[in-house]
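Below are two complexes that have subunit A in common, paired first with subunit B and then with subunit C.
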Partner chain A sequence: MNRLKYILKRVLMAVPVLWLGTSMTWFIIYQGPVDPAANLLSGSERLTETKYEAARTELGLDQPPLQHYVDWMWSLFTLDLGQTWLIYPGSSVGALVLDFLPRTVWLGFWSVLIAVCVGIPLGFYAGIRSNTVADYIASVSGIVWRAMPNFWLAVILLAVLVGSESLLGFDWDSFLIRLPTGVTGNPGLSYMAGDPLALFTQPRDTLAAIKKVLPAAVVLGSASMGNEMRIGRTAVLEAKNEQYVEFARARGVSGRAIVWKHVFRNALVPLVPVITTEAFLLIGGSVLVESVFGINGMGKLFFDAAIQGDLPLVGSLMFVFIVLLLSINLAQDVLYTLIDPRVGYEGT
Partner chain B sequence: MRPDGARERPDAATGGRERPDAGSARADGGDPLLAVEGLTTVFHTDKETIRAVDDVSFVVRAGETLGIVGESGSGKSVTARSVLGLIDTPGVIEAGSIRFRGEELTGGNWDAHRGDVSIVFQDPSNSLNPVYTVGNQIRETLRIHQGLRGRAAREEAVRLLEAVGIPDARRRISEYPHQFSGGMRQRAVIAVALACDPDLLVCDEPTTALDVTIQAQILELLGRLQREEDLAIVFITHDMGVIEETADRVNVMYAGEIVESAPVDALFESPQHPYTRGLLASIPGRTVSGDRLPTIGGEVPTPTTEPAECRFAERCPDAFDACERVHPEAVRVGPDHTAACLLHEEAYEHEDGPSRRSADGRGDPTDGADAATDGGGLG
Partner chain C sequence: MRNPRPAAVWVGVAAVLFGLQAGAVAQLLASGLADAVAALPGVAVPAGLAALERAADAIPTLLSRETIPNRGYYDGSGYVGTFLGLAPDVAWLLRAALIYAYSFVTLGWLWVGYERYRTHYRIADWTPRDDVIDRFRGHRWGLFGVAVVVMFLVMVAFAPALSPTTTAANLENPYSHEITYWTGSGTETVTVGQANLGSGSQGTPQENVGPMQYDDFGRFHPFGTLPGGKDLFTFIAHGSRISLVIGLVSVGLSVTVAIVLALLSAYYKGKVDLGAVLVSDAVLGMPQLLLLIMLSVILSGTWIGKIYSGAFVLALIFAGTGWPAMWRSFRGPALQVSNREWVDAAKSFGQTPTTIMRKHMLPYITGYVLVYGSMTLGGAIIAIAGLSFLGLGVNPPTPEWGRAVNAGQEYVTTASWHISLIPGVLITLVVTGFNALGDGVRDAIDPESDAEEAGGASGRGGGA
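Here is the complex of A and B:
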């Protein structure tokens, strides 16, 4: 089987997962303990039977469950996402997702990238120079990064950056690119709306958006950075003691070629699932960091929607999360086949 | 450390017997291909220092096959890795010299001779990098040692795969190691090893991980390659049957030392060391069917100190008191045949005789006459 067929098969296999995930979301909100109709009537209104029934009718909750389910799934899969019930009442769900999603993806992307670009080289370096002073320093700092809780690190970093003038001797706000809105707040991504290529054609805006999200990305990526460092170190240690490395040495392959060609590629194999698992955690589980840095991302939105029982919004966000998860999984499997030829296209 | 003389045996008393050294091979003219003298490779662990190879000497002449045989843990593989310069910390070559065509290799000169000596490891599933094609790894080697690139390298790689008997080589060259069966994989490993264009091929139990029919094919292949490419082979195995088939000369190793060295026929016809006799007796098929297969009781000790006794004494059926106190050195027992055993040293034959030692009869270390000879070495 060739690679294209393999990917196609994986995409097809993703459909049932998508269906199951969204169905469960519907079931939990529709049949679960959260009552959206009651939430709609919260506030000063007096709860009466007629008003409650009117709210249920308004939300369509009085339909037979099966009909409601079919209608809801149909509109979801035709991307007719409708309007929110409770969060920013009456707004278009599609517009809301399009507004919030890019910020979360932007944050997640940079935190994964920073973690990968710092953690893996550091881990590989420590593995190659195992049991030297450099290794000990790298290993210990990896553990320290991993051990610091997100929310604590976020607050400390925020405090340091706000007081950067007196603490560090330079002003973070005007460093490299001036950010008039301060350390916290949303990264300005609107310049890319309708023109994704602006990412490259307007480097000033891109740089500003990166700088804005950088502190949050460092905090969010810190734990995975430590993880990747430690697993990278172990992977290199394991690979460099393999017999094929000894054989390569005996064949006269230079030390540099052994490390770059024979050790590193094999050491990447155990790192792939670590990176992809963390990628999803970073994209989905960033509520704490988002709230400390004042970034309006999907984490907070999803949390609010789920608590209130805003079915259209929860369902749509769930839909987006599942699609993200599946594409990251697919990327992981493709990465595997690229790095390790033993991972075949069959039987996976 | 023991005093200098302590390692000497009472040679003065052995009369007319000569003590052949490893260097004796030089007598027949010119440098041998590989000359190992007094090789001592130790591993420093936290607890102790393990003398994995202890004062080992041997030579390999061009085109010949030297077999090294012994139980697991006798130091065969460490000998092979020492010769190839693959000893890493905590291991270190503490003493001795390894000369290839007269040029010293120890002290970090391996890089100048990489490829002159090549190696085939025991487990073919681990010898090739799983993420690169077989062809890639052959071409990598060809580029380093023969400067071949591009089409020339590819053609030569196909030729090598065909030479080691891999059918459909042109297609298989772009396959990955995991797509080869065990026997085919070992052939591919041999092809990679041959891409170095070596003069000496060290085979470290190359057939142990393979089933018997494949084993025979690989042995046949090695024999053919040896004739065609005029290779010298150091064949390491614990299988006496394989040794009988392949080797010209045999070194028997025990606990880091060579205890007997002889041409293969002489060794099988008249083994002179009790350990060799034990090994030969424990080959299935050499005993009368129905009898229990004889074994050597106990296991190989891990040597941690310089030898002050015969390391085999504890398991030796012929051991006597002196074996506990005197370290035997190689004695000439026949043409080109040496054994390191006190049974062959007249001094002890006269004093104790090769009588069986009783369980409680272990000699007092300060025992009169022997202690005196022990200290009074040749100087």
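Here is the complex of A and C:
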């Protein structure tokens, strides 16, 4: 029962966090130095009193602030995200999010997967062969990889892929699967609309969508990859020196079995929070990576809204991000109690 | 003092070393003061300050543009105006090499001073801190970090002297400064602005001034030029200043908040701790980079957003969004120390909570400040560069590294690859250096610690 209690406690903790985060967003946007209503009007419209008043009424800003706050919070928590003003004017934010979110999820999924599939094995390899040349090369490249700014890496990778024919000797656009629209742009996910199974039944489209998002995913996952490598290496080094490993060795268990059954399994535990903490990096990094690679995802939507001053949209999107992050965190907690049963009892 | 000789020798050499650069120090202080006053809204720089700045400029310095000039022109038979008539590139390299040699000698001399103090004057033969320092000395990765960080700091401190040209002439007011150059048959004078138009790096081999090359006007560019013909090295050297200032201010502020909160929550526990957890989780629940974007858009129009080209408000935002991650890292050690016997003893002794926190808990966690501060500084540099890459944050024309990456975005695979590549490599190097320094300090303070897990995300600037 303790595990259930622990998870319940985490859920309860998430509620005030969600409330506080959303309230801060409201305060920044509606009580900040920028008038959101005036921001939504063009230069000439701003001068006409009626238009301005209409915009204020539409946003509910003619109410007293407390009333507005309650209304705003209520509509968000009932998932009524309002409408857009400057970006795709007049469409509902909910529909917009549903349209943009799949691309970001697709990008995030592949960037996590690539980081996990490259970073962890490399880290484990370095940990098992610690203090060899291979370990040093892997460790140093992991550290440098981690320090590289995403936006710069994206710019360089994009340029190299666009000019791949002359630089690398093969043309990225027609490599394996032909991409008619070049390196940048949205991954074609529409074939899955209404039929999620198309992911498996139409492998050609799936492959094309993966290839399209691959460079962006590699960049976005770069920091996580370096992180996972580093931590995977330390975890293996620690697990290697545990007493149960020595005991197993003394009992004559083969080296292979020790590595797979005892070292790797226990080394995986500290990696779980690392993978989920990277959700923060992924969402922040998606702004830059999506901007460089021209993917119309949530990050780019948020950035465009902020740049053009569509503050109501910025607020709604921030709410979506907060909910997203909190759910990832909760998922992590659940996963963690499954992998490492000790966790629920430490009173964290 | 029983034996004054080592101290006297040390002070003598130190005085000479300082005397060589006294002018630069005075200049830095005076210009810093003037900048700080000018940054305040609605205050004109008083005449006294301007006079102070001029007086500081007049003090001769060995390693300056004036003593070793690299700007000159070829008049058909030899160089006019450069140091000893050397070619501009040689003169510049000489100056840069001297500046770095001077900095490392000074640093080495400070180390010598510490060792002399340790062997000749300190009463205790051994203190626990000696072990920390000795461990750090044997930590090669940490020493690499120190070297990189020192090189970066030297670039920040000596930016005007290191740059081949000045910001005023090359970046800010190119049309009110003139240069003379050799046309092949005679000398001619043009404004810097016009010369810049003819020396931009636009991607084609004809219109490109790469690293370590001269442009058509006889000007030497160690890192090449920007697409608009401005000198990339001057841009980067001065951009490093703003990165470091933002980084230091924001890290200083967030460290202060984080330490105070960590001490309070560790001492009082219970509700105070829970409250701090909730607030920090709420701030952490909003992705840092998105919060940075949102706040820098909203605050850009206000008076606070105009201080120091928008860098100050950026530092504030960064501190406001960065403290929770840092507090989380300090919370563990603070909780640990609050359970030690000496804290209990102090409590039963009747000491006030503030005294206990300051005297018996704070010293235990100060080591971690250096570890996380150094890693977060690296993250701040990345995040600020990322924001200016997007066109937010530090306002042009103030140079910032991210803007150079943005400017060179179209030219990466062309002849003008240097515009994006060099700033990016430098950011990577500097951030790696700060991380390595943090690693080294961590291993020196507590060889058993596994603090990197918690600090993993803090060194990344919210994913920029």
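Going forward, the second predicted complex is superposed on the first by the 305 of 348 C-alpha atoms of A that agree within 3 Å, B and C clash if a C-alpha of one lies under 4 Å from a C-alpha of the other, contacts with A are read in each partner's own complex, and residues count from 1 in each chain.
Just so it is clear, a contact is a pair of C-beta atoms (placed from the backbone, for glycine too) under 8 Å apart; a residue touches a chain by one contact, two chains touch by 3 or more.
No experiment lies behind these values; they were computed from the predicted model shown.
A.B. asks: Superposed on subunit A, are subunit B and subunit C clashing or fitting side by side?
C.D. replies: Subunit B/subunit C on subunit A - fit side by side.
A.B. asks: Examine A:167 and indicate which partner it touches, taking first as subunit B and second as subunit C; both and neither are also allowed.
C.D. replies: So A:167 only meets subunit C here.
A.B. asks: Looking at A:274, would you say it contacts subunit B, subunit C, both, or neither? Reply first, second, both or neither.
C.D. replies: A:274 sits against subunit C, while subunit B stays out of touch.
A.B. asks: Rounding in steps of 10 degrees, give the angle subunit B-subunit A-subunit C taken between C-alpha centres.
C.D. replies: The C-alpha centres give an angle of about 80 degrees at subunit A.
A.B. asks: What's your read, subunit B or subunit C touching more residues of subunit A?
C.D. replies: After superposition, C is the partner touching more of subunit A.
A.B. asks: Figure out whether A:265 sits in contact with subunit B (first) or subunit C (second), or with both, or with neither.
C.D. replies: First partner only, subunit B.
A.B. asks: One more residue to check, A:318. First (subunit B), second (subunit C), both or neither?
C.D. replies: After superposition on chain A, A:318 lies in contact with subunit C alone.
A.B. asks: When the two structures are overlaid on chain A, which partner does A:114 contact: first (subunit B), second (subunit C), both, or neither?
C.D. replies: Touch status of A:114: no partner.
A.B. asks: On the A-aligned overlay, A:143 touches which partner chain: subunit B = first, subunit C = second, or both, or neither?
C.D. replies: In the superposition, A:143 touches subunit C alone.
A.B. asks: Of the partners subunit B and subunit C, which touch A:326 in the superposed model: first, second, both, neither?
C.D. replies: second
A.B. asks: Least CA distance subunit B-subunit C after superposition, rounded to whole Å?
C.D. replies: So the smallest C-alpha gap separating subunit B from subunit C comes to 13 Å.
A.B. asks: Of the residues on subunit A, which ones does subunit B touch that subunit C also touches?
C.D. replies: On subunit A, no residue contacts both subunit B in one structure and subunit C in the other.
A.B. asks: Report the residues of subunit B in contact with subunit A in the complex, numbered from low to high.
C.D. replies: Subunit B reaches subunit A through residues 81, 84, 86, 111, 114-115, 117-119, 121, 123, 126-133, 140-141, 144-145, 176, 178, 189, 192-193, 195-196.
A.B. asks: What part of subunit C is in contact with subunit A in the complex they form?
C.D. replies: Per the stated touch rule, the residues are 277-279, 281-290, 293-295, 297-299, 301-302, 378, 382, 385-386, 389-392, 402, 405, 409, 412-413, 420-421, 423-424, 427-429, 431-432, 435-436, 450, 452-453, 456-457, 459-464.
A.B. asks: Subunit C touches which residues of subunit A in the complex?
C.D. replies: Against subunit C, the touching part of subunit A is residues 13, 16-18, 20-21, 24-25, 28-29, 32-34, 143-144, 146-153, 155-156, 158-160, 162-163, 166-167, 223, 227, 230-231, 234, 238, 270, 273-274, 277-278, 280-288, 291, 302-303, 306-307, 309, 311, 314, 318, 321-322, 325-326.
A.B. asks: Enumerate the contact residues on subunit A facing subunit B in the complex.
C.D. replies: Against subunit B, subunit A makes touches at 242-244, 246-253, 257, 261-262, 265-266, 339-342.
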